[in-house]
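Next come the structures, one after another.
In the two complexes that follow, chain A is the common piece, with chain B as its partner first and chain C second.
Then we have the complex of A and B:
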């Protein structure tokens, strides 16, 4: 079953298109990373899936229903970011209890254990929490709600490293205990990589790639060595990234469509083959065409 | 994984109770407003006149009413309706389970509930003012506030006035959510209307006529019917605006 299905999805704010012609499908019970630069449209996409915002054009289905104003979608979806606002009149414990009333799968035992572990007190107020603490508390809600579709938009904002690691572990642990579909947007790809099964890479409001993590790991590799040799090798290859590090030396990331024979030939030519991390690959793929920050500053 | 299918009535009930609980600050403000109004009312009759007769008799007539309390409560109701449409109040439902329709129905139920509470407390506060004057200021009441039919009439009309005010607040709030230009447009219309009404005097113009037609209707059944129609029009309009509204945080 497809949990989320987008077809030609668009979202405009005024005349600016933030999401353009997006089509993808999210399978049931997967953890998908929504990866993209700032302003690529990650939050906009997630808010439309959550039913907060209405698509300007195209089709968006969540559980086979349009999420904007669907009670079924609302009951089975939870959206977590660092902007959540809860009434000042409720303390933290009451917020948890309120969530328990709304979400049918809510696990109070899990919520309580995480609540105590992260050192929250029942009578604290949501607005008094520090940024990191607030994110941690929101994360507890996101996990304990056990919604079939859980959306985390930059959930680790403000969390220190130890808490982030705890969060990743808790997420994975509870995902195994109670499988669900999770969409996770984060700019700390390196950190969330072990959690992810799929990556939805977006750039300028469009889907650049939607692949499994394993596919992406083999998607490209780096060539390191003599400039002329590599340039001739790459003549018919699609180059993802290149950087000259001396007058003769160059580093090029190319798409992996080499044959076994070509690999052997490469090594015979004295070119070093280097793996490209998922994080670097995503940065290269989403790089703007016209150079990097160095070109601006020089 | 199985999807939860919730009953609408169930969610509506949870939403309504959630609002009662989390908007408790509104009730605190109601109490404060009414206490304040009571203090004002205690300072004396709203209007009075005296008649001197030749001889030893001298009569003072004054209106000891809860009018100030009612006025304050109506303003409170207006603000409460307005508040319900602001980001903090309106959007919070969407952190839980809701649809725009259900949120608004829950809002309507909530406005009815606070109107009932506001009416009853205002009525009690009004009674309290009269009692204080009877016991401490040597005032003799001409009307008996304890005649059941009078009491019910008073409670009923106050309820409709208050609900009307909350819905006006809600409607205006929704208009402002739709577009910020209404922050300027609506007060301009309001002030313009009053200026126009004053300029034209108490004569036969549309504004004063409609005011008398609706607000000054003295037959209770007709009055409630007219108010009911108005409330329906305002709420349905607000509802239609809210149905398309996106969640802002």
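Then we have the complex of A and C:
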């Protein structure tokens, strides 16, 4: 079953199109990474799915309903980011209790155990927490709510590495215990990659790719070696990225449509074949067309 | 053990890790292997990825499924893994060797002579 369906989705702020012609579907009980550069439209998309913002055009269905202004969608969806606001009059324990009343699947045992593990105290106030601590507390709410659709927008902001690792472990453990659909946006693709089943790669408000992590891992590879040899090899190939490192040497990332024979021939030509990490691939794919930072600086 | 920097997809690494467990007799024939969820928790990876790793081994007849009970090591598992690693690893190394010889402009006959010589030396040492 599809939990989220977008068809020709669009969002404008004034005359600026932030989301454009977006069509995709998210399968039930999967963990999908929402990946893109700053300003690509990740948060806007997640906020529309959460039902906070109304699309400007196109169709968006969450649990087969338009999420905006839908009580059904808001009871079954939770959106976690670092801007969550809670009234100053409530202490942390009271915030957990309030959330428990709203979300039908809330697991107070899990919330309490994480609360104690991360060293929170009942009478602390949300606004007094440090950036990392606040993210940690919000993450506890996101997990304990056990919403069928859980949206984490940059959930690890400010968390140190040890806490991030704990978070990944807790997320995975509770996902296995209580399967649900999770969308996770993060700049730390390398860290979240093992958690993901699929990646939705966004560029300039459009879906660039929606693939399984394994497919992307095989999508491209790097060629390293003599410039002329590589250039002639890549004449009819789709080049994703290239960088010259000397007058004769070049590194080129190409789409992987090579045959076994071509691979053998490449190696015989003295070309080094290198794997491209998912993180690098996504950076190359979302690079602006008009060159990189080096072109600006030189 | 499971490395993200590796060119190998995680599910392949999971399959190889299980193979090594079988080669080292830490998983014996007809013994139950870890479920996709156990593997997911052990390595902090998506359970669907772990399931793919198990599926590879089922397809290669290293593991077999018992409906409702899980996956188990086949009787031939160890033999299959040994044979597979022999062919794959050795072939790769020979290709590397031949490529290197070509860069150094060593012809095929000299390379074969070198292999023969190396073999003689190894035999002498083992006597």
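Note that the second predicted complex is superposed on the first by the 298 of 298 C-alpha atoms of A that agree within 3 Å, B and C clash if a C-alpha of one lies under 4 Å from a C-alpha of the other, contacts with A are read in each partner's own complex, and residues count from 1 in each chain.
In this text, a contact is a pair of C-beta atoms (placed from the backbone, for glycine too) under 8 Å apart; a residue touches a chain by one contact, two chains touch by 3 or more.
The shown structure was predicted, so the numbers you read here are calculated from the model rather than taken from an experiment.
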Message: Is A:98 touching anything from chain B or chain C once the two structures are fitted on A? First, second, both or neither.
response: first
Message: For A:180 in the superposed arrangement: first (chain B), second (chain C), both or neither?
response: first
Message: By the touch definition at the top of the document, which applies to A:209: first (chain B), second (chain C), both, or neither?
response: neither
Task: Kindly classify A:140 by the partners it touches after superposition: chain B alone (first), chain C alone (second), both, or neither?
output: neither
- prompt: In the superposed arrangement, which partner chain does A:200 touch: chain B (first), chain C (second), both, or neither?
  reply: neither
Message: Quick one: is A:45 in contact with chain B, with chain C, with both, or with neither? Answer first, second, both or neither.
response: neither
- prompt: When the two structures are overlaid on chain A, which partner does A:62 contact: first (chain B), second (chain C), both, or neither?
  reply: neither
- request: May I ask you to name which of chain B and chain C touches more residues of chain A?
  value: B
Query: In the superposed arrangement, which partner chain does A:70 touch: chain B (first), chain C (second), both, or neither?
result: first
Task: Enumerate the residues of chain A that count as touching chain B in its complex and touching chain C in the other.
output: none
Field: chain C contact footprint on chain A (complex, rising order)
entry: 30-31, 165, 168-169, 172-173, 175-176, 190, 193-197, 213-214, 217-218, 264, 267-268, 270, 274-275, 277
Interfacial residue positions of chain C with respect to chain A in the complex: 2, 4-7, 9-11, 37, 40-41, 43-49, 52, 95, 99, 102-103
- prompt: Of all residues in chain A, which touch chain B in the complex?
  reply: 28-29, 47, 51-54, 63, 69-72, 74-76, 79, 83-90, 94, 98-99, 101-105, 148, 179-181
Statement: In the complex, the residues of chain B that touch chain A are 1-6, 8, 11, 14, 18, 21-25, 87-88, 91-92, 94-102, 243-244, 246-247, 249
